[in-house]
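One structure is given below, represented as structure tokens, and several questions about it will come after.
Chain nomenclature is as follows: A, B, C and D, assigned in order of appearance, with residue numbering initiated at 1 for each chain independently.
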Amino acid sequence: MADSLEALRGRLAGFARERDWEQFHSPKNLSMALIAEAAELVEHFQWLTEEQSYHLPAEKLEEVRLELADIQIYLIRIADRLGVDLVQAARDKIEVNERRYPAERVRGDARRASEYDE
Amino acid sequence: MADSLEALRGRLAGFARERDWEQFHSPKNLSMALIAEAAELVEHFQWLTEEQSYHLPAEKLEEVRLELADIQIYLIRIADRLGVDLVQAARDKIEVNERRYPAERVRGDARRASEYDE
Amino acid sequence: MADSLEALRGRLAGFARERDWEQFHSPKNLSMALIAEAAELVEHFQWLTEEQSYHLPAEKLEEVRLELADIQIYLIRIADRLGVDLVQAARDKIEVNERRYPAERVRGDARRASEYDE
Amino acid sequence: MADSLEALRGRLAGFARERDWEQFHSPKNLSMALIAEAAELVEHFQWLTEEQSYHLPAEKLEEVRLELADIQIYLIRIADRLGVDLVQAARDKIEVNERRYPAERVRGDARRASEYDE
């Protein structure tokens, strides 16, 4: 993992080690912690319209910003525990998606956008 | 967002724009897509022991690697739509955690580790 | 648990026992399976507008119906493993909610509706 | 929906109506609320071993019981909004599973148990 993510990776590994929390940080457990954080993000948006979700009040935006941070933190931790380079993985997946969804074929098609996630 | 994440951010914005998928990418909708990907990660681990989750067969590890990529991709997208710098947000949250959980007080304490997420 | 849920509970316990799958069905693992099913439900709705989510095409509605079934099934299983009576629990929680959110005070208030989930 | 779930369905519909919260209760939004509750369940188990997840202290078990209630409540609400009979859906899905996973073929096989969710 390059640069800033690599720096975060090292810092988070140290954070867990100093607290002797590595024993709790199996990939299985971290996947649970990650989805719990993702759900806190979802909770912020669940009763908002899509339009409202673009225009969060400052205080709520700051809360959402820290939820995104929590997700990024657990994502880095689980990738670290499994030896995965997140940036390289994202690049590889984007290439898969570019081949699978040629712009000219799927333009503006929600159905295709939906299949895109499967 | 610095460096490699910034490059991915730009590439993913272009990917959505070229396919006219920005109309679907409200923060609300992206939070749903993100948790759906997080759940695909969870699914890989749900019947494994913690020990097994460290030692995935090569083929399964590759699948997990691409699930992590999907989560990172949607995380970058939603941060972009909300104008959030993921790396800075993670740094800020780590500082909060360092103050909140002094190593000498929470060492090896699962209960504290649990409160840590709240 | 009364009546029809009780019948389902017994049938699902038999299903797991006959397949020797009880060993996988710890409350921890079942909570993961349950959220994975909840995410499949979310996936059906992630690119739809709220309006569209009320009017699913017949084929998609049937898929959604079976996702709801999967969630109900895992919910019954985990309640069974923990000795929880789902119907009684729901009744108790509704009473809590009725006290906490008097109709005259929270009417039409999304913010209150949101707090309602916390 | 039969009996006790039917009674809960009616009571929850009234609860939302009296508070004018029906406007927030689209199937899309309810799927988000449901997964957020499922995540609160997951959070209770994320740092526990599977063994510990069977033996919750009384106070934690009561919290978990009310999380299960929240999931059941939102499941009933979304089924109601979509006109789905949860008990019938669960019965139908169990029949699918019984055909798909003959006991003699999948006994004790985690891999099959895993495929079972897909």
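Some notes on this structure:
Note that contacts are C-beta pairs under 8 Å (C-beta built on N, C-alpha and C of every residue); 3 or more make two chains touch, one makes a residue touch a chain.
In this text the structure is predicted, and so the values were computed from the model without any measurement.
When subunit A is laid over subunit B using CA atoms, the rotation angle comes to 180 degrees (nearest 5).
Centre-to-centre separation between subunit A and subunit B, using Cα means, comes to 2 Å.
For this pair, subunit B with subunit C, the centres built from the Cα atoms lie 25 Å apart.
Shown for subunit B are the residues that touch two or more other chains, namely 24, 29, 31-33, 35-36, 38-39, 42-43, 45-50, 110, 113, 117. Because contacts link each chain to all the remaining chains, their graph is best described as complete. If you check the complex, the residues on subunit B that touch subunit A are 2-5, 8, 11-12, 15, 18-21, 23-24, 26-29, 31-39, 41-42, 44-45, 48-51, 53-54, 56, 61, 64-66, 68-73, 75-76, 78-79, 81-82, 84, 86-87, 89-94, 96-98, 101, 103, 106-108, 110, 113, 117. Those residues of subunit A whose C-beta lies close enough to touch subunit C in the complex are 31-32, 35, 43, 46-50, 110, 113-114, 117.
The residues of subunit A lying in touch with subunit D in their complex are 24, 29, 32-33, 35-36, 38-40, 42-43, 45-47.
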